[in-house]
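Please read through the structure below; I'll follow up with questions.
Labels for the chains are A, B, C and D, by order of writing; each one numbers its residues from 1.
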């Protein structure tokens, strides 16, 4: 009972990594909106493996095929069904781990939870599922961008190497000029070499992605449980490998007198923006920004201890084509989930008043 | 459309801070379970203001009255309705801020979102609402504790002062011996004096709460969107003043080879527990633990700049009885929301198999 | 997990018939709307027992107390919590049936389902719960009536005695002039004497209520599962004792050429209105009307065979103050549930377009 | 926001009649269950057009392709994605009605609701969507049949011609021996000739389907809003052309003393079964049965008056291959929706107790 995200603009996803196809249904998409299909494909390309030397070399074209809900590039208001075929699945890579649980992977817990699992490529727990989110997110993003909202994510930290300026001091429009998707040229280069080194050692890295949403109207988010930051937190922690989020500037170590944001005018602009554009769970008209923390990729190209399904200790030496660091490919996923949350709350907010 | 939390075990909350009463409806509570009503009141007492010298001095008895769903202390399986009257509301404290927006509060965004607001004590955005969660959480906690699950939260950091050991090196059974609810005696004392100093200056503090859930069965959490950590993140970020969460040990700066947890046996125990008891969104049988970050309280007892509802610059000098640091009172709230998430997933998990 | 109705405008109800109180939470109510509280009480009075000689003589004042969500008679957009105390509960009437299952009542299935039950007055299965719906429905009705929508229900059939004209040939504004709430004066009288006779014999009657909603805008209802008629059907069948519904004129026995409704203009008016104002699940601008069938009341004032909780055959001779025919008191309940469905779809419909 | 049905076992459907494909996602399907794929295809064949001389001659193979969630014919517990391609769509048949609203169809209301519509074959409002339900329903049916539950539907009335015996006096295992799917041989013949006559005249017919569910365990259904009969009502009224439902025997015209069902033993068996196996919204262990009313098909092969999208009066003379009476093909749809409701409540019911 767990494959749908959103309340009004909803994405339901399906698909195992090595099954026939993955796909989804976008329900609750407003009608009459022109969608640029090539833009969706462009976002998928930003997420797909094989795009650069620092990502997995699995060659998936990740071509999305729309089956319903869009006619002549215009949304019909009806559910948008789509599929992405799995072409380059090498299930044979996983034969050796059929009865072995990979460390820090979901193999063991799936088998305990369901009594069985699709062992090929992690099955449903594979990050391949996130392609579906990118499709839905791109559509959401196109819709809210027509309302002036702009979402930009970038890699702000790899291992302990992090950017040194505030997000607004960088040009975020050219993130993709860097294959690691970091806006700081020098740090970008260092990150790439860090990732290459890790790859050479069969090791992996984590880090942080920062996401910024500009021009979000005042009033998105609900007061109590469905706070905008609570829904963003759920969205982010639902992404594979994400373990943490922080909304706004971390002022845990400051006094209230240092962290409070002072209103300047009735547009909602505040002198500082420590709260990251959300107060009381509701957008306040300032930039929304937050940091998302990723743990290092669990699949190492190293021999590792583990146990098999008989409980016997054994070791594993994974094959497969994996990312030494998922951060660069995760940027469009973070943007996608952010767009879905913002559009959903945009639509929910329309029901707060009768007219 | 935003006042319900949970999918099967659900809490719907209502109530403004200075209205007649707050309250809630717990729906989906399993039938036939003996509830210790005095334990619920005990948890409310841990949350209520006026409990110590470092908390708000508002004197609310916070006595919960159950109206349905429990007969002779046994749950009927029907919705449990309950109310907590607002007795010591001093609405007059808020007359001066009727047309002024308090900094970093939700006053401004509420008025923009709804076109009006209950200005008395923050209305719906008041943390008073969390008393409702404590009631539901205590019932959830009693139910899962009968399944062996144990939840313990404590204050691990106030401002920059933090505990120095791992959670498992402390005795977490006696947290309440410290009025700041920190398990480290020495640091506890320092925290208290830090809070008193802030209070004397009319200033406020933030910090972190750590929460640990032991003996959670393997298999709670759903694979994709409703990951157990995603739902915990949403639960925590839905608490007033919370801006961040981190599940497990923060290994953002480590190699994968340093952060992977190696399975030891079919009970799921791993050599390390960096993932904090959750992999792929599903509990793996190890301790679940996470850190929750609170911003400093927004209500200062200082003169602060702001604007009024005409957009004119003005200043504010708040009255009211407020906490210089909410962390100690937030401990039972964090425990409550954790219990609700775990019971909900416990029940959801029953539907994964037909028998 | 079953005490909430609606998707955006939602009512969550709680309360056993003989507990302290029943009540509910209305969530998702639009903000800024003036509510006439006395009108809500008026609707409760139309539903309450003891209102006439042909209803149950239980004397409940059914006074609703609002606890939140409304300030100075204006909705705040926050959840509206309310309670109705149980004053005249005579639980002693039910001592004799504590271990006996009343025929055609839910006693037996509750005990099987939950392992226990509140035997006093049917507990949660009592029609007393519907007072909560009337509160929510009256608020919904006040909101949509400001949009021009008008809902009128009336008793069209008691046992085999039914009205002989179409609904639009009657004056539906004066339904309450008849204690049986039938718009036909002569038939009304006959119905009353039919009910009195049944009462004298300790017997009970069923019948039908017709509900008409005028000026419903075109476009309410969703295409596939959440068709407007499907949601009305669910709403009606969720009312105690309702076993059937028919939307529009029953043309089961007609040819398509006789039942099709021919469009006359772009306002949507059709020559005939056999479809009852809904085509393809969506309102078409004509009157929505439907018939709701009630089975006879299960509680007879007669000796009846049954079994006890040991499976032994026994007989029952109920006490308590019951309705010989619930139809007259069910009229405001049918109106209430209709109003909730229409307002909910009105709000849902706002999300079909981005602007 | 309306293309999902069910709370735990959920079907999300997508697809326009003349788009590339229709399909769906089944979420919440229990894991580890062997599914007979050929049985699903068999049920689709019972629904597909072109199966006999009294149905539409559109030739759709309606071959379902599963994309995920099932491995080696065993459910994985993950979402089951599937598609059914549209092969024989003759969109050219609909060119003439692009700007004309067909009588009693959803053309007009779709255009008003969404601002545009897919005019080809009714788009989303086409009954073609119900093939998706048959897939989900067949899987649900296979799962609950392993629990002993058996669902059988049949045509009990065409126009005014109806069966004369109780359902339990017929052999319901051989329904498909009759192309009209009526268990009464003689009446079956008359129904077929009635349908042929209507077809010859370009006219259409409605009627009733009776559905029986045997061996449903006691306790399915929730007390208040999610009564089992309320959910069945919603399920049935969500099927195209359905306008009414009646649960159990229609005792509107009887006395309570005639309609009450007397319990015989602790298995729940009652002397009569007027309530149709559901009391207080909860299954009571007796056969569940209900009647579903279908209006005559709206598409006539006759010249009919209507208006165009400029509001001008015009006439329509439909092409396309349509059913003169949908009842025979609707039998597997009614069974499918019944199976979905019963499995969903079966799973929901597992959460009423903690163990």
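Here, contacts are C-beta pairs under 8 Å (C-beta built on N, C-alpha and C of every residue); 3 or more make two chains touch, one makes a residue touch a chain.
Quick caveat, the model's predicted, so the values are computed rather than measured.
Note on chain A versus chain D: their Cα superposition corresponds to a rotation of 180 degrees, in steps of 5. Counting C-beta pairs in contact across C-D and across B-C shows that the higher total falls to C-D.
Note: centroid distance chain B to chain C, computed from Cα atoms, is 39 Å.
Chain C and chain D, compared by their mean Cα positions, are separated by 26 Å.
Touching two or more other chains at once are residues 1-4, 7-8, 13, 28, 31-32, 77-78, 113-115, 124, 223, 348, 351-353 of chain C. Residues 1-4, 7-8, 10, 12-16, 19-25, 27-28, 31-32, 65-69, 71, 74, 76-81, 83, 113-118, 123-124 of chain B touch chain C in their complex.
Contact residues on chain C toward chain D in their complex (touch as defined above): 1-5, 7, 13, 101, 103-106, 108-110, 112-115, 124-125, 129, 157, 159-160, 198, 203-208, 218-219, 222-227, 229-238, 240, 243-248, 250-266, 268, 274-276, 279-284, 293-300, 302, 304-307, 311, 348-349, 351-353. By the touch criterion stated above, chain D contacts chain B in their complex at residues 8, 28, 30-33, 77-78, 143, 146-147, 223, 346-348, 350-354.
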